[in-house]
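Working notes, structure below.
Naming follows writing order (A, B, C and D), and every chain is counted from residue 1.
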Amino acid sequence: MGNKLLMKGNEAMGEAAIRIGCRAYFCYPITPQSEIAEYLSKRMPEVGGVFLQGEAENAVAYMLFGAAAAGVRVFTSSSSPGISLMAEAMSYLAAAELPVVIVNVMRNGPGLGGILPAQSDYFQATKGAGHGDYHFIVLAPSSVQESVDLMAEAFHVAERHRNPVLIAVDGMIGQMMEPVELPPEDAETSRFIPGHEDWATTGCGQRKPHLVKTLFLNPAEGMLHNEKLAAKYQRICRSEVRYEEVDTDQDMDVLLVSFGTMARICRTAMEELTRRGLKVGLFRPISLYPFPLHPLRALAPRARQVVSVEMSMGQMIEDVERAVLGQSPVRFFGKAGGIVPSPEEVIEGIWALSKE
Amino acid sequence: MGNKLLMKGNEAMGEAAIRIGCRAYFCYPITPQSEIAEYLSKRMPEVGGVFLQGEAENAVAYMLFGAAAAGVRVFTSSSSPGISLMAEAMSYLAAAELPVVIVNVMRNGPGLGGILPAQSDYFQATKGAGHGDYHFIVLAPSSVQESVDLMAEAFHVAERHRNPVLIAVDGMIGQMMEPVELPPEDAETSRFIPGHEDWATTGCGQRKPHLVKTLFLNPAEGMLHNEKLAAKYQRICRSEVRYEEVDTDQDMDVLLVSFGTMARICRTAMEELTRRGLKVGLFRPISLYPFPLHPLRALAPRARQVVSVEMSMGQMIEDVERAVLGQSPVRFFGKAGGIVPSPEEVIEGIWALSKE
Amino acid sequence: MGNKLLMKGNEAMGEAAIRIGCRAYFCYPITPQSEIAEYLSKRMPEVGGVFLQGEAENAVAYMLFGAAAAGVRVFTSSSSPGISLMAEAMSYLAAAELPVVIVNVMRNGPGLGGILPAQSDYFQATKGAGHGDYHFIVLAPSSVQESVDLMAEAFHVAERHRNPVLIAVDGMIGQMMEPVELPPEDAETSRFIPGHEDWATTGCGQRKPHLVKTLFLNPAEGMLHNEKLAAKYQRICRSEVRYEEVDTDQDMDVLLVSFGTMARICRTAMEELTRRGLKVGLFRPISLYPFPLHPLRALAPRARQVVSVEMSMGQMIEDVERAVLGQSPVRFFGKAGGIVPSPEEVIEGIWALSKE
Amino acid sequence: MGNKLLMKGNEAMGEAAIRIGCRAYFCYPITPQSEIAEYLSKRMPEVGGVFLQGEAENAVAYMLFGAAAAGVRVFTSSSSPGISLMAEAMSYLAAAELPVVIVNVMRNGPGLGGILPAQSDYFQATKGAGHGDYHFIVLAPSSVQESVDLMAEAFHVAERHRNPVLIAVDGMIGQMMEPVELPPEDAETSRFIPGHEDWATTGCGQRKPHLVKTLFLNPAEGMLHNEKLAAKYQRICRSEVRYEEVDTDQDMDVLLVSFGTMARICRTAMEELTRRGLKVGLFRPISLYPFPLHPLRALAPRARQVVSVEMSMGQMIEDVERAVLGQSPVRFFGKAGGIVPSPEEVIEGIWALSKE
């Protein structure tokens, strides 16, 4: 194993993108993700890359569209309200099958809200900020190391399926410092999307012109395009499910379902709950879309109850219900608005639910 | 009963808003909802109201914020990509508890898509285009008359809960002409939101200043605000569920779940399916949020299978699954991209599913 | 003398800026100057410079403000309507004494006009598009070589006086190919403005903070600032006057006053007019601001008449009148709207005037 | 004659526009002209007119274009930096021959400057903020009553020549209260431009379509359009010259040339200068474009010296020089940056110049 560096999550994600070969980053500043922009404003020029601050989030998202349509690896980062401003473009990016990466360092909302960590953009990320039938692949790391690993992975997954990927992280991971092992600087990485020669608009010269578009005025064409996208989403649901299980090889009093920072807190809480004699397991979705429906469904019969633990007011719980399908009761524990629950609060909350 | 007028759905919705007392309409043009704007550009001045075309959808949505924060009844209309451009503002409107009405005359997507009817903004409407924990109340009429009735109702529901309402309609209803009975012109209607004196920023004079805001930097305040909103959404889930059942007082081979234009087509298809000997019922959600989970859950055991019939690639089916909770198999029939399924296609599709 | 390259005027100006050390170019596309942008979009990255397309001309001009306020050499180019969109910023740039360079490849107007060569932004360039008492130094080359030389000179002049410089050229020079000698690539050139350490906002560290501003709410300060600027403009009028005289060492029947492309056409016309027995001289302002008032005033008594020859409807003639001050009659010959007068037209026009 | 009302200049100009029949006012707020907007935001609805705040000055100017192209009387007001932001549109308005009225309540510049009175947009107003060969007619009142009279006159002059008119006033007149006689409310006034039926785009029905445009890609057409405009400007120079002379029927030691507020101060100063034995006359241009060249040229031989007295650093002096043409020395007295010279300063300044 290589050397570890002590880095902030935000900076580590920026560096990981560079290591993977990405040389284009466009952004508009917003707290609590500005360290990514700040880091890359210095780092991109050092590696011959492009750092560009657009005039607004909507513009940035369409700059991503332009760069990716020309075959270039590109990403952006923002935070909740900034992501909302990209809603229209997100639908366009998915419709045009452009493998871009967008990082959402989630803050608390709704509205202007505040700048503290949150997970309440779960719906927006997984069900779709924008209009029409489309999906982003959504990945949710729960440590600085995992955010680095998933950043690198995000580009590969996006490119494998020609589909945008959203990394849903929260300000706690973004601003936490942890020792981290970065991907090696690979001489073979490229600033271009592998295989872009087959579809990107790079100047056609002698070949047939390529067209990257989302307009289908002919309804038959529009239907075919939607069916093509739907088939892709089914492939993604089969091949890109990611999750982690902890202490689930037992009959459980409580099965916690939680992701990101909240899952970390759950692991701490589990120790005390176990000490009190409760049999507790943890199911941690890493891919929020595709949600690991079947693995969770398989576990559900062995849990007396399932609790969705969120830093939101109850969003992932809907997918948990769809997974559990009535096999055991599904309950909710969560908070939103800027207050990250402490392990003690989680312990007492779960303890109380387990006694119902 | 009064006289009926033959009107297009789009125009009828515009007139209904005026009858209910709304005197402010802001918009940005987009097909297929432009008849609403065109109609109101002439009609608003006649009744001393304000018609204003903003410079972009995002601006329009914040003009709604401004007007409603000043206590004024106001609404806008747009179509799928235009609604996406309001995503950030929609989160702000809900966060600030402003009782505005937004009409989405859905067109097919994703991306630029086309201008034909669709229902594929179901996720966006019900789960949230914007960031943070918030909900719009979402109403889905299936005829011109119902779009008129729900337009009037939308303002009352919005004002009762101080929560935005989205009317999800499609271009077919918007552009169809049907005989329609409009609400009477009530001398008592007001251009102001009832009770706005208690919270709107109308110039404080001698009283304590009012504040309409969405920023809560103090996390304890932010949490309280989210809990207040969550409690409201629970009240809404108890009191604002709307749906229609057809032929559900029997044991059913198939229970169709469908809304809007698609539900109309289902009713035509049911006649032929019944003639073929199939026992078919229809459950039509009128409120998409709150989704009528419990009424549908109660019906599920009496249906051998449940089919979600959509003009999208499978969105409402997730709520149907959460309602049915494994009591009977849930299947999908639908299309997207601009092609509205014909009754014949629905008949054959359901017939085939029923034989599985 | 070094090797000459055959280059378009637009490209040659771009390359000259790079040779002089400029590493930042911001722009928004408009015909007929787009070759500058196209050339630099490739060239800037090769030399580690920044090429950036802004969202609109107004934004570009304020990006220049930002870069120059941070001590960076920077320039932009546009064409007539695009320059108008920078009018507010031009006043700010001069007020803040920022040594930026703006190239106007003039097209015919007014309004949208067309894309053919013109000189009808003379007033805008010399009297001031923006508000308040301010001046740009304005330089007008009449060949590709001179446009290269003045481009290099522009940065030095701007930096010497900490004052913006506008290069007024027309599409004919911009798109004409001529052999051109470029400035050598000087190892000593810098991407920073010489002496910027004394005033630029580069991060203050231990030193006193610098402030680059144009707001003077205190009227005494505002007056002092205007007097400081006025004193600078007087210094510029003494030291930066540039012009060329041809055949003026004789008593003249006609003294032509003309700049840029029009002056080239005049030189061709002079040959035939001389052959016809007319004594013709040419006075060519190279600096339009400061206008060479005194050199022209000194020549006026020796000319039976003075003719301002312009590719506009009569703009420079006002400065010619102020120079000549009634010592001899001042007449006008010119055209606008896209038609560049041919030498034959000029010959006949001047011939006719000389017979009056 | 009728009753006089005590009104602020800004409000009085707004009311005068209404009395003359104007029912459309678009604006973007800026000090020191906001009283016009405030007044009309209440007054326009009372008379069935349109008050509209645009999203930026550039947008407002193009809203004027749209309204006037549809045959509607319309005006806006702004202050120096706001006028600069209209520079492009001003060129388009003149090119399209649209008879709109723009009021510039001048503040001190350049750049952000301050909010105190100034006359330093003289160049911008008279020589042209925008690109290409075009002219606004520019009127400069020197009292509240005159600003009312010229406001009414502005619409008539604009419509007579189908040419935009700019009223150049300063914050002193705009905010000063004086008794004022308003034009009567004429039953015959119209919200439409007289004769617009012949050219405006009002929906063509049976007649040949009208076209309001500024694009002339064919150079011959472009030239004809410029010649048509030039011929109009010559007509304007013959017929729209306005000025006032005071004590000019004598041989003068000093002839002051001054406009607006500064001319008022000059009149006060003249009394003391006369008491000291100096023979002083005043020439006050009321139309800044066309500048009263010939009337001033005729007076010049009778003055031992001519002094251009300005609240700027020397702008109108260029037109004074062109008028005087060396017949007597032209000197300058002025200040800029927010300090309005007191009568005492003017007295001492002129006294000192007269002794040179």
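Criterion: a residue touches a chain if its C-beta (ideal position, glycine included) is under 8 Å from a C-beta of that chain, and two chains touch if they have at least 3 such contacts.
Computed from a prediction, not measured in an experiment: that's the story for all the values here.
When the partners of chain A are compared with those of chain B, no chain appears in both lists.
When chain centres are defined as mean Cα coordinates, A lies farthest from chain D.
Taking each chain's centre as the average of its CA atoms, chain B and chain C sit 59 Å apart. Centroid to centroid, with C-alpha atoms defining each point, chain B and chain D lie 53 Å apart. Averaged Cα coordinates give chain C a centre that lies 29 Å from the centre of chain D. Across the assembly, chain B contributes no residue in contact with two or more other chains. Viewed as a contact network, the protein chains form a single closed ring in which every chain touches exactly two others. Within the complex formed with chain A, the chain C residues making contact are 45, 48, 52, 54-55, 59. By the touch criterion stated above, chain C contacts chain D in their complex at residues 58, 80-81, 83-85, 87-88, 90-92, 94-96, 106, 108-116, 118, 120-121, 123-124, 127-134, 213-227, 229-230, 312-315, 318, 321-322, 325-327, 335-339.
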